[in-house]
Structure formats: structure tokens, C-alpha cells
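Below you'll find the structures, each written out as C-alpha cells.
Presented sequentially are two complexes of chain A, the first with chain B as partner and the second with chain C.
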Partner chain A sequence: MSIVISLKNVSKSYKGLTLFQNVNLDIEKGSICGIVGPNGSGKSVLFKMICGFVFPDEGSIVVDGVEIGKSKRFPDNIGIIIDRPGYIANKTGFQNLKELAMIRGKISDEKIAETMEKVGLQPQAKQKVKHYSLGMKQKLAIAQAIMEDQQILILDEPFNALDAESVNNIRHLLLSFKSEGRTILLTSHNQEDIDILCDRVFRINKYQLEPVALVKNESSTTHHLKPNSF
Partner chain B sequence: MKRESVENIFSIKWIIVGAVFYFYGAMLKSEIVQVAHQQRLHFNNWDVSLRLLTDPYLILYFVVPIVLLLLVKSILVEFDYQILVRLGSFKKWIYYSFKNFWEIAFPLLCLWVFMSLFMAIGFPYSWSWSEFSKTAHSTNTLDQLVYFFNKPASVFVAQLFLLLCIFSLLHIVFAVTYVLTKSKNFMLFISVFFFLFSIIGFKLFPNEFAFLSPLSFFSITNGVDAFHSPIPVYIVVITFFCLCIWFLQFLDLNKKVYVHSIKSHIPIVTYFSLCVMGIGATARSLVQSPDVTVWDVFVMSFAGVSADRFAYIPFFFYSVVFFGFVYLIQLLFLSNEVEQLGYYKIIRFKSLSKWFWSWMTKLMGVTVFFLFMLIILSLVLAVCFGAHVSFYMTLLSNPLHEVIYHFFVNGFLQIVFYISLVFIFSWTSKESIYGVVLTSMLMLFMLPSVNSKGIIPVGLNGIVYLADYSPYYLTFILVTMNIVSYFIIRYLLKQSLKI
Partner chain C sequence: MLSNQLVVELKRAITKKNLFFWISIIVLLPTVRFYMVKEGYQFYEPIEVFHETVSGIIPLLFPVIAIIIYLPSFLQEQRNKFITYTRTRVPLHIYITSKGLVNALLTGIVTFLLIFLPFLFIVYFEQKLGIIHYSPSNEHMRIPAVTFSQFLSHGALTYGLIYSSWVAVNGIVYSTIAFMLLLNVSNPFIALSIPFLFYHILNFVTGLFHVAIFSPLSTIFPFNIEQQPLWTVLVPFSFLLIVLAIVFVFSIRNENEWMI
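Up next, the complex of A and B:
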């Protein structure tokens, strides 16, 4: 399998706090990789480095064959959930997604509506985002990350604030993306999400990414993952 | 800042903005009518239109805060990771934010222009300057513009163009600042700072420093007052704008590599700047007397000091130029050669003497080049400052060839001696910092009455020595001292092999 994301000897300090020291990581295409660690351990900073929002102090990051900060700042074809997305409160969910989609102009209104339905939102609803619940805002965040068929997904806590049914739905969705060959890097504080979805898991410990042995069998996956329309 | 709160702030803004323009325009209108009647001068539509579009108080206390608010809003709202990742780079985000800024700022400009023209209703209509505009009096700010623009309509267009340029520049600068700092508090701080600085610049800066006031770039009338011509105003704004656009090309690069390479050049750039400033200051002070030639500037720039002819400025400038050069050699070359690289090279040269001459000959070549550059720099700057291009000096009775001989031959010998001395100290101590201490100590020998016989080989290449000594005598001293220093070096190198 080809390597889609590669970190080589990456070190990073943030506001005087060392987060990573000489970290190496390779993520293969078509895999789901989980990053776990306590709050403040640097998960979000790691994701921001991979996306090119911040540069590592040392080392290099290559995404899809391109070194971040050399010929390209942010990788192409990447969908992200990092921090809370800034929505236009007085517009509907559809209008918000449309605003983002217009930047690249790659997808139609139908595709936006289809994506909204996939994550459990109603594209025709006139409800403005300021009246959305936290869970709905999270679904909108997922929708924007996947609506343009991004091949690399960087998802920081994608299951936050979702109800059980929605969690199940999004798990199905991510597994279907994996089977399509998309690469997913995610964090979650819920061990179940990690166990069900991830092929490999790394824990941030003492400024390093330590591989975590996965206890994974068919029954655990099927037990927790209820049948879905996908 | 949340989008919803920002959206709410801007819901009824344009009605209020339009009303303020209207009432301020009405006030200007009545003032123009009143003053024109008092002074029995004809006025026309451009008097009020141009006044409203260039009025410093309106710009400073009303337009600038609104523009700052709009641009900070557009930057903070649009800086979103979901948007950034779709745009692909910060550079593209700045253009995206720039477009959005103009979408929200364009109504302000339209309203302002519309009100400027609307307020002219009722005034006599003309395409020419009015008597009122041409007359200098306290309430008229347009009288200077009459000298540079044939038609008042061209001022209207020029002011509009200036506003487009300065608003755009301001947005790009703020957007770049936000990308670099990503701090909302810092954005608010620089907004407030810019506003206060604009007020201070307008109210407190004397006319000689008016070019530093931001208002000079918002209003063509203030720009002409500051620069005595409208052209420099546009040149400054467009130059800064182009520099910002050029800088955007590097915004997305990992700058750590570049910072490292820039850091290594800082001593050279600083040194070169100091040399230019020193020679420039000398040239500037000399050209005030009419007969000064380029060689006078050269002589005064590198005059140096002697025991009997001492002055602080030549003393410091000599120290900067010659000790500065030796310090640079020590910093950029000698410390590496002696402390780090030397040993790896020494084992390949098989002889310390060969190793010594391998780099010493290079440094001698650099010294000759350096002296050539100094003479060229001083002559070029002298020409730039308006000194006469003649092959004689008015400040020194010595023949020119003697001065050039002294500068090159004695300068070369003096610098080689300094380098030898620094090497001796670095080699014996194995600490390059001692070489720096030594150069500082050498300066002491240049103080008044210390080197009264001209024997101590420090500062002997100063041209001022030619007033009391023959250049060939100085050459003799320097050659002798160089030979002594060479034998010391040979001795030290031989001693090292005994370890």
C-alpha cells in the first residue's frame, strides 16, 4: 500500500511546551488511523501540522507525495474537522455548505444535498445554523469535510455531541469511505469508536507516537455496528 | 469574534454612514458659502465635492475607523480552517479575504462618492477651478492642488484612486499580519494603534515629518502638503502595495530555512549599511561648501585619527569600517577555521604553515577587494550627493597618488596586521571571542596622545596620518610589524606540533 501521510523526525513545541520530539509516522492509503491521548497532549496540533496550518519546528511532513511548506501550503483533496468550524449563523446549513463549495466550484447543489442527507441533515430545512443543536452543527462539520469526495480525512473528535444512532451512521459512513480507498486520520475519546474503526492506533506519550495494540475481532465490530442503509 | 455578532453590528450601518456624510457635507457647504461671500469669491460644485472627499477630519475620525472595522471583520470572519483548506494556501486566502473586504467596503466608497457629488447640487456648475479653490485661506484645503491638477475632476479621480489603493494596502497588511500572528488581540491592538497614530500624526507631527502621518496617504490634499507633490504619495502607496504582493509569494513557505540564511547575512548587511551611512553623512556635510570634490569625500570618510588630530566621529567611523571588517572576518571565517574546521583541514595539509597560507592568501585577496569596494562606494556616494568629479582634493595638500597609495598599500598592510593579531590571540586561546576583545582593545591605542610617534601599528592607515607622516614611513612600520607578527605565528604553529 502507498503511504499517503508521512511524518519524518517531526518536533514541535507550542507556547513553550514540548509536544513532539522526532516523531515518525507513516499512514497507508485506504486505512483508518486513530490518535489517542489526554487533553492538551497535542492531537489538534498534530492535525494542524499535517494540514499545513502550523509548521513543525523540525522535520518534514509529506501528504500525498507533496512536502508541506515547500511547493504547497495546504494539501489538496483533504477534508478536515479541526476546532469548531465558523458557520454563518444567519444562513441555513445548506447555504453554509454552498458557500464553502463555491470556493472550489467542484460540486453541484444536488451533491451538497445528498451529503447532508448522508450525515442525517435535511437539506431543504429553512432552519438557520444559529438554531442548530450541537449535534446538528457536528453533522454539518462532517458534511463539509466529506462533500467534495476528499480522499484524505483529518477528523478531530468527529463523534462529539452525536446521538447513538448518528454515531452508528457516521461509523458506517467512515468504513464505507475506507473501503473506497480513502484515508482517514481521527481522534476520539471514545474507545469504542477507535476499536471499531481504526486499523492502527497511536497514543501520544512522552512527545512520541506510541503504537497501541488493537484488540479487534469480527464480533466486536459487528456487535457494535448496527445494520445501516449504506 | 462570532459571525452572528458581527452580522448584527452591520445591519443598519449604511443608513447611519450616509447620514453622517450628508450632515458633514451640509456643514462644509454652508462654510464654503459663508466664506466665499465674506471674501467675495466665486465658488463652484467642485469646492464642496472635493472638500467632502478629501476632508482630513472626516477621513480620520469617521472613514478610517469604519475601514478598520470592516477589514478586521472580513479577516477574522473569513479565517476559518474549512475555508483555508479549500483555498490551498494563505496567499489565496488573502486574495479571497481581499475580495470579500471590497464587497463589504465598496458601499462605503460609493456612498461617500455619491454624497460628494450630491452635495454639489445647488452650487454653480463648472469644469474649472473656482476662484475660491485658488485662494489660500484657512478654510480652503484645495489651493495647493491647483498647481498640480489642471481640472478639479482629475483631483476627484486621483483621490478615488488613492482611496482604492490605500484601502487595499491596509487590508493586505492587516491580513498578512493576521496570518503571521493569528492573534485577534494583536489585530485589535494594531487597529487601535493605527487609529491613534493617525491622529497623532495629523495633530502633532511637524510639517517636516508629515510624510510619516498615515493621513497623508488617505487624502490627496494632505499628501501634497507633506510631499509638495501628489506623485510621491502614489509612489509610496503603490511601492508598499507591490512589496506586500511580492511578500505574499513567500507567505506559505516554511520560513525557518530562510530565517537561518537571513540571520547569517545580518552582520554583513548591518556592516554595509553602517559604511553607507557613515560615508553618506560625511558627503552630506561636505557638499555644503561649493568646491568639494569626490576625493575630498573619500579623504574625509577614511580620515581616521592620529594622536594629535583626534575627533570622535572619524574615530568611530574608522572603528566601524576597519575593526568592523576584521570582526566580520573573525566571525564569519576565522572562528570556524580555528575552532572547528581547522583540524580536519590541517591533517589534509600535513603542514600548519601550508594550512595557514591556504586561507591567509584568500583573506588577503578579500582585503584588496574590500579596499576597492570602499573607494568605489565613497566616490559613488560623493557623486550622488553632488560633489564635483575632479582629480584633486581641496582638504589635503598631498598629491592624489600618494593618498591612493596610502589607502591601498598601508590599508592592506594594516588590515593584514589586524588579522594576524586576531589569529595569534585566537590560536593561543582557542577561543575566538578573545579576538573580538582584542579588536576592542586596539581602539584604545587610537585615543589622543597614545600613539604620538606613530610606531604602534594601529590606525596607521587613517588618511589623517599623511598630514604628519610620509606614507612610505608608515609602510615601513607596517611591513616591519607584519614580519614580526608572521614570525610569531610561525613560532606558534611550530610549538603546536610539539604537543
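Up next, the complex of A and C:
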């Protein structure tokens, strides 16, 4: 399998705090990779470096064959959820997605509506995002990350605030993306999400990414992953 | 890429709701003032009516008017981290530059029309409607000249265009300063208040030192003092440009700490 995301000897300090020292990581195409670690360990900063939002102090990050920060400021074809959902409060969910989609002009209104339905939102709803629940805002964040068929998904706590049924639906969705060959890097504080979804897991410990042995068997995965109800 | 993003931002900005809001500003403020001055004043020339119409409310609220045209929508994006999710679609500097340019363009257009449409109406159309009663002038009477009416010798339309453009340029500078402050100041209320405070404090200070001819009020809306040489209007404007340049340089250097 080809390597889609590659970190070579990456070191990073953020606001005077050392987060990473000589980190190496290779993520293969079509895999789901989990990053775990306590609050403040640097998961978001790691994701921001891969997206090109911040740059490593040392080392290099190559995404889809292109070094971030050299010829490119951010990778093409990447969908993200970082920190928390972002939105324009006084617009509807559809209008929010439409305004993001207009930037690249790659997808139609139908595709936006279809994506909203996929994540469990109603595209025709006139409800403004300021009246959305936290879970609905999270679904909107997931929708913007996937609506343009992004091939690399960087998802920081994608299951935050979702109800059990929606968690199940999004898990199905992510697994279907994996089977399509999309690459997913995610964090979750819920071990079950990690167990069900991830092919490989790394823990941030002492400024390094340590591989974590996965306890994964077919029966536990199928037990937790119910049939999709959406 | 920037031109594409400019088109996108214009499409996003030009909504029915925003158009209604901008037209309301352009029509309502001068109309209210026009109806306030149409009685109780003695006018000899339409240009006097125009001066009175764009005095009062508009000069008092000028920095606020410049700021509310586009920046509330930017604040909405900024406040709820929307901009983070544009960053995988367009480089941040392109996005912010396009926002700044669209802010300048729309502020310029609205503030220009805010002055120019009343000018057109009063100078060219109102007399046909006869809303204002003009007193007959005589040869001994002297209508006081104000700064910028030097351009009247080139024709009323030239004056109207130049003066409206002058107000628009000032509006652009005030709203651009506010835009860049929004990027750098963590409290948006403070960021948006600074241009308003700057405008009124400078008016107060120049009055205190008996140099009101250099106040922002008297150089952007020079109807409360007698005619001054045109260079006088450039004094506070140059100061404003220096402030703009300082805020711009600071913004560029502070990119990593932008409130986005």
C-alpha cells in the first residue's frame, strides 16, 4: 500500500511547550489510524501540522507526495474537523455548506443535500445553525469534511456530542470510506470508536507517537457496530 | 486564485438581506435628515440643501456606518471558527485578502451612494418636485462656501462625484482599520469601537486645541466651518493612513496569532 501521510523527524514546540521530538509516522492509503493521548498532549497540533495550519519546527511532513510548507501551504483533497465545529450561526446548515462549497466550486447543491442526509441532517430545514444542538453542529462539521469526496480525512473527536444512533451511522460511513480507499486519521476519547474503526493506533507519550497494540476481534467489532439505520 | 475568491466572496455578500440593509442605509439616513431640514431653514440654492442633508446624522455615525456594511458578517465567521474550515479549500492569506478587498469595495460603494444619491436627487430632481421652498437670491447675498465647493466651478456633477468619492475613501479606510483590528484584537467589541472612538476623540482634541479645521468631522463633512484650502483635509487623512499602515504591518507580522 502507498504511504499517504508521512512525518519525518518532526519536532514541534507550541507556546513554549515541547509537544513532539523527532516523530516519525507513515499512514497508508485506505487505512484508519487512531491517535490517542491525554488532553493537551498535542493531538490537535499534530493534526494542524498535517493540514498545514502550523508548521513543524524541524522535520518534514509529506501528504499525498507533496511536502507541506514548501511548494504547498495545505494538502489538496483533505477534509478536517479540528478543535470544534465551525459555522456561521445565522445561516442554515445547507447555507453553511454551500458557502464552503462555493470556494472550490466542485460540487452541486444536490451533492450537498445528499451529504447532509448521509450524516443525519435535513437539507431543507430552515433552522439556523445557532439553534442546532451540539450533536447537529458536529454532524455539520462531518458533512463539510466529506462533502467534496475528500480522500484524506483528519477528524479530531468526530463523535463528540453524537447520540448512539448517530455514532453508529458515522462509524458505518467511515468504514465505507475506508473500503473506498480513503485515508482517515482520527482521535477519540472513546476506546470503542478506536477498537471498531482503527487499523493502527498511536499514543502520544513523551513527545513521541508510540504504537498501541490493538485488541480487536471480529465478534467484538460486529457486536458494537449495529446495522446502519440511516 | 484571488480573483476567483473575490467572485465567491461577492456572491456570498450580495444577498437579498444585505441588499435590503444597504439600500436602507443609503435611503433612510438622508431621507430622515432631508425631512428634518425641509422646514425651518432658508435655502437659496440646492447645494445648501444637500449640505444640510448630509450633515447631522451621517457625520455623527460615519465610522459606525462604514463598519456595519460588511464587517458583522465577517465577525460571524470569525466568532464561530468558520474560517478554520475554509483553510483546506483556499489559502488563508487569499481568503483574508479577499475579505478585506470585498469589505473595502462594498463599504466604498455604499458610502459613495449614501452621499451621491442625495446629491443627485437634491441638485437635479428635487426642484421639479418642489418639496423645498427656495428663497429668491439677490446680488448682495453671499452663499457661504465650504471646503470642496472649489470644485463647483467645474460643474455641480464634478463636485458631487469628487466629494462623494472623498467620503467613500474615508469610509474605506475606517472600515479597513476595523477589519484588521478584528483580526488582531481578541475582543471584537473593542476592535469595532476603536475607529468610532478614534474619530470622535480626534474631533474633540482638535476642537480643544482650536484646530477644528483638521478634525475628521470637519474634513470629511466640512459644512460646519467656512471654506478651507483643500490641503487641510489631507492632514487628518494622512494621520489616518499612517494608523492604517501601522495596523497593516502589525497584522502581517502577527499572522500566527490572528483571531480566526
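Keep in mind that, in the parts below, the second predicted complex is superposed on the first by the 227 of 230 C-alpha atoms of A that agree within 3 Å, B and C clash if a C-alpha of one lies under 4 Å from a C-alpha of the other, contacts with A are read in each partner's own complex, and residues count from 1 in each chain.
Assume a contact is a pair of C-beta atoms (placed from the backbone, for glycine too) under 8 Å apart; a residue touches a chain by one contact, two chains touch by 3 or more.
Just so it is clear, the structure is predicted and the values come from calculations on it, not from any experiment.
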Given the superposition on chain A, are chain B and chain C in a clash or a fit? clash
Quick one: is A:117 in contact with chain B, with chain C, with both, or with neither? Answer first, second, both or neither. neither
For A:69 in the superposed arrangement: first (chain B), second (chain C), both or neither? first
Partner chain in contact with A:78 - chain B first, chain C second, else both or neither: both
Which partner does A:90 contact after superposing on A: first (chain B), second (chain C), both, neither? both
Mind working out whether A:53 is in touch with chain B, chain C, both or neither, as first, second, both or neither? both
Once the structures are superposed on A, label A:109 by its partner contacts, choosing first (chain B), second (chain C), both or neither. neither
Considering only the contact definition stated at the top, list the common interface residues of chain A for chain B and chain C. 51, 53, 73-74, 78-80, 82-83, 85-90, 100, 103-104, 144
Chain C touches which residues of chain A in the complex? 51, 53-54, 73-75, 78-80, 82-90, 96, 99-100, 102-105, 141, 144, 150
Give every residue of chain B touching chain A within the complex, in rising order. 2-4, 7, 77, 80-91, 96, 252-254, 256
Okay, in this complex, where on chain A does chain B touch? 51-53, 55, 57, 68-70, 72-74, 76, 78-80, 82-83, 85-90, 100, 103-104, 130, 144-145, 148
Can you list the chain C residues touching chain A in their complex? 4-5, 8, 11-12, 73, 76-77, 79-92, 256
